[in-house]
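Consider the two complexes below, in which chain A is the common component and chain B and chain C are the respective partners.
Let's turn to the complex of A and B:
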């Protein structure tokens, strides 16, 4: 085997990481502010919310479902936490980290019951809850918005601004810890493996006696939990919130997950890939801004990236299928 | 499949249920709310739902076929942006309208190409093109809006015919409704659409050219979104990049309310018309009762959930009753 072949990454995550490094390096060469400590810190901090959500929906997408309600849940959680801490001056970061996820879990339970319990298509159900949850934010917020002064300083200033080694924001290190735990869980536990089995072939998973209801239900609760947590992260990052917070960002998260190699048809992909996907999307966005591309084109670039990712995914799937087929034919001869 | 006739029965009963529901809403609203049962209000209902109805006619084929197109609202916006942009650049209005419709058709063609020729999933792809088309609209117009259009065309958008309650767009909608209704229920093309939705494999073995068929449906969905773009632009007399944000969800919920199965293979034109009217009437009722616009977002979501949950719940309770009957 030649050197190049040996250098070729074995996994999807490996190739993604290389693309990510190339993207970061390339932008850094043209605009050197991008590679400074400030630039890196900013990139990591602004990826945190999307990365959390990507970890949250990765198991769902692996199970061939989808959760579109997450962005609305982020808005609800963020607004609710801000509202409660504005009304209770003795609120600290601890209460924030309790209230936010609880709200997320409630939404997750609703989604889970409808999808797993009634077996309704997750796309339609979570479209419905996307509306309902966002509507709730509109109604309860009554167009009131909150700024940094009304939120606990222990959350916004102490934790939100905390950076390790001048590079690594606290928020992103939490994301990495959660990512590692989830990656191990998905790889080494029965429940994690079940997700892949259910996603590759739902009827077969049911026939061999996997607990499809419980796994699906808990996956939606987990995604809700992460969305609730992401709401608190949103406050830590932006230090302000109104009723349209994080509006319409669910597609950016889906794009990140798909770009990260989690197939939309279920059954393959990893949590690590999802986080790298989120980083990649953010890098390209930030990179284009650093290169002076008009912000109006942002959504077009997002869409194009997503389509390219889906296409690459399809090409890879077809190729590996052909390889497997070739192998089998060889074995038979 | 022994269960098959049962499903059809439930669907049929849901079709009738939606009509009963529509009538109930109309009667309740007329009784409780002053100003609901007036010509003017009905004119509003028809005109407020015009783009949704126009897109729904085409999207009906899409969902029956087992595919989905989430990019329709972005196509509407891109068409509208192109209309405004070219008109502001000095193109004659007929050319701008033509551009809007052509852009829509082209967008549909691109969707169809990605789904059929490259074999990508329509849900994921149209999420991508949703962002892409809207982004291009954003890139073209930025924060600008174009709102100087010839009066003849803006009056086409929001005036009524003579002194009647019919908006000028209504004949257009009725024309498309009849065309697509005939296409679905009275032509081989419609039968093929239903066949593909029931079982793509079986349809392929029966000699249906699935790729060409899907290509046609994606293209005319784009075409109808372009038409909706023209109507939207003139109805609000404004072309801007965020025209019609979120309309795709309203279209889908109206279609599902009309008894079309999200799993494909089942659906009728009059069910969809009833679904659109139901959504429109509820909306108008809430407006007249001066219920906050914010609550309407919640009601839209609830309607969507209801439209998928109700048929399943009906089926479940029926199964339970039959099992009880078998036991005794």
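Let's turn to the complex of A and C:
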């Protein structure tokens, strides 16, 4: 076997990791700062929120559903936590980490009941809750915004600024821990495998007696939980919040997940891939900034990346189809 | 729990089921014993599938009793049925294509150490089951790309792994080739030897008589006969299914054979077929016979221009037909009734009228707009000609029975008045009475001077309908038989060995 063959990664995640390293290296060549501790720390810290959300919606996308309400939920959770901290000076990070996720879970329960219970299409349901939740933020915030001084220092300064070994922010270490737990959960538990089965063939999942309602419902609750948690992460990162916080970012998360190899048609992909997808998007954004590319190009580049990812999927599918065909021809002759 | 042979496992009596106003089951009975292969027969709409779905836990019966091993049968969810030892293998295998075979076998019941799935054990166990079934499949392989026959093997392995006593199969042989059918029958026999009960639905009556011990016939939602196979015969079963005697299954008419309409010359697409040459004349029905996977549908698709071919030529009425263009084929008055009517033949959610008129739009258009009055007339004309049953023209075709759907596809193409009608498995999954009608329509088309090219995996149909039979095997044309010289043995021999047999 030649060297190249041996280097060829077996999994989608492996190829993505290589692309990510190439992107980081490339950006580093252009701007040395990118490769220093500061650069890495920045990259990881700025990816945390999106990566957390990507882990949250990966099971949903694997189940052939979608959750568009996450960005609004981040906004609601972040504003609410900031508001409560501002009004209760003895609030510490502990309360923040309780309140945020609870708000997310409530939104998740609403989504779950509508999608799993009433069997409404998740695309429409979560588009609805996207507007409802954001509307709620506008109403209750009443144009009030909060800054670092109104938030618990234990959250913003102690935890938000905490970095291990000079380059691994606390937030991102939490992301990695959650990612590992979820990856194992998706691979080695019945509930995890059920998600893949449900996304792969929904009617068959009913026929073999899988608990489709329960799994679907809980996936939305989990996604809500992660969005609520991401709201707290948002505060730790930006230390300020207003009613438009994280507005319109849901599609960036969907893009990261799809770029990370979770197929939008359900049935395949991993949370590890989703996190790598989030990192890749962020790296390329950082790289463009390092190149001095106008920020206006950011979204255009994101879109291009998404289409490339889908195209790569298609190429892989066609290739395996051709392989099957080649096998047939060989068997014939 | 292993039952003793002949022990009564399940008894359904007087079972009723209604869907809204429609009665699906009214007094259906079924008795299943351990160690038997039990055929459940009936025309489409007789209630066979509903029976299976009640046992599968998909539907709950409205009336009647179901006893399982002397106790009341719990209905309500597929999970309940699985727990009570009933496994169902549906007509279209319901595998999860993204998952591995081992996962498919153990889905919902993965072997675990604590709460963690033991993948090693699952893979070894799946491997063992596949071996037991005589098929060497890799348990770590994805289910995507597996043939229908192998998918069924996975489904059967699943049934075995959950220790099911009763295994229900809905038309398991409909999409299998002859060798695959044989393999399945071997498996069914070994299940029987292990004292399991195998219940299967089939429209292929020769198979039914070849393998089953017991035959239950249903008609209009009720059971009309329950007999040991020795106590009944083909004629009797057909009579019970249709409620009357079918005097002639294949009402073949002798037509005047005219000039050549279709001429295929040395057609080759290396992945599917090589050096195919034949012709079809006016008033003639030519059958492409062979096993499933022999490349027959691919030849038809290449002629119609859906797929491309590498070398060779297709001529229609002496004129060369450009490759790879269905539009050109339709212009030259070729019609193709595809194998899979649901996916390729119909717009399932569109109305019957829209489906019938779709290829005849140019005739319906008046000053650039569709004249709906003409569409109604067209639909009514074909409704009567083909006796298609539907209550409202706008009814989506998905609500029609399989037979009426097939007639709708035929109507669509006959409405274009084609010179060449290609029909691929025209009577698959259609009940006996409708089958005879489809055959009558094909004969009628031929008698009107149309050329008919028929692909069929059912030998009686091939022998009964065709003026000429071309046999294909593994992508090659191996025999051409006239109506006179063709026998069942000769066609089977050519299709399976490539040689013209006795």
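Simple rule for what comes next: the second predicted complex is superposed on the first by the 321 of 333 C-alpha atoms of A that agree within 3 Å, B and C clash if a C-alpha of one lies under 4 Å from a C-alpha of the other, contacts with A are read in each partner's own complex, and residues count from 1 in each chain.
The definition used in the following text is that contacts are C-beta pairs under 8 Å (C-beta built on N, C-alpha and C of every residue); 3 or more make two chains touch, one makes a residue touch a chain.
Nothing here was measured: the structure is a model prediction, and the numbers come from that model.
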Fill in: First (chain B), second (chain C), both or neither touched by A:117
neither
Item to complete: Give one of first, second, both or neither to describe whether A:196 is in contact with chain B, with chain C, with both, or with none.
Response: second
Worksheet entry | First (chain B), second (chain C), both or neither touched by A:37 | neither
Discussion item. Quick check on the superposed pair: does A:25 touch chain B, chain C, both, or neither? Answer first, second, both or neither.
Written reply: neither
Item to complete: Answer with first, second, both or neither: which of chain B and chain C does A:307 touch in the superposed model?
Response: first
Item to complete: Quick one: classify A:14 as touching chain B (first), chain C (second), both or neither.
Response: neither
Item to complete: Check the contacts made with chain A and report whether chain B or chain C touches more of its residues.
Response: B
Worksheet item: Of the partners chain B and chain C, which touch A:267 in the superposed model: first, second, both, neither?
Response: second
Response to the item:
chain A contact set shared between chain B and chain C covers none
Worksheet, complete the sentence: Counting only contacts in the complex, chain B reaches chain A at residues 68, 114, 118-121, 123-125, 127-136, 138-139, 142-143, 241, 245, 249, 252-253, 256, 262-263, 292, 294-302, 304-305, 308-309, 312-313
Fill in: chain C residues within the chain A interface of the complex
56-58, 77-82, 88, 90, 94-99, 103, 107-108, 110, 112, 115-117, 119, 145, 270-272, 474-475
Discussion item. Applying the document's contact rule, which stretches of chain A touch chain B when the two form their complex?
Written reply: 66, 114, 118-121, 123-125, 127-136, 138-139, 248, 251, 254-255, 258, 264-265, 294, 296-304, 306-307, 310-311, 314
Worksheet item: Inside the complex, what are the residues of chain A that reach chain C?
Response: 187-190, 193-194, 196-197, 199-201, 203-210, 266-268, 320, 324-325, 328-329, 332-333
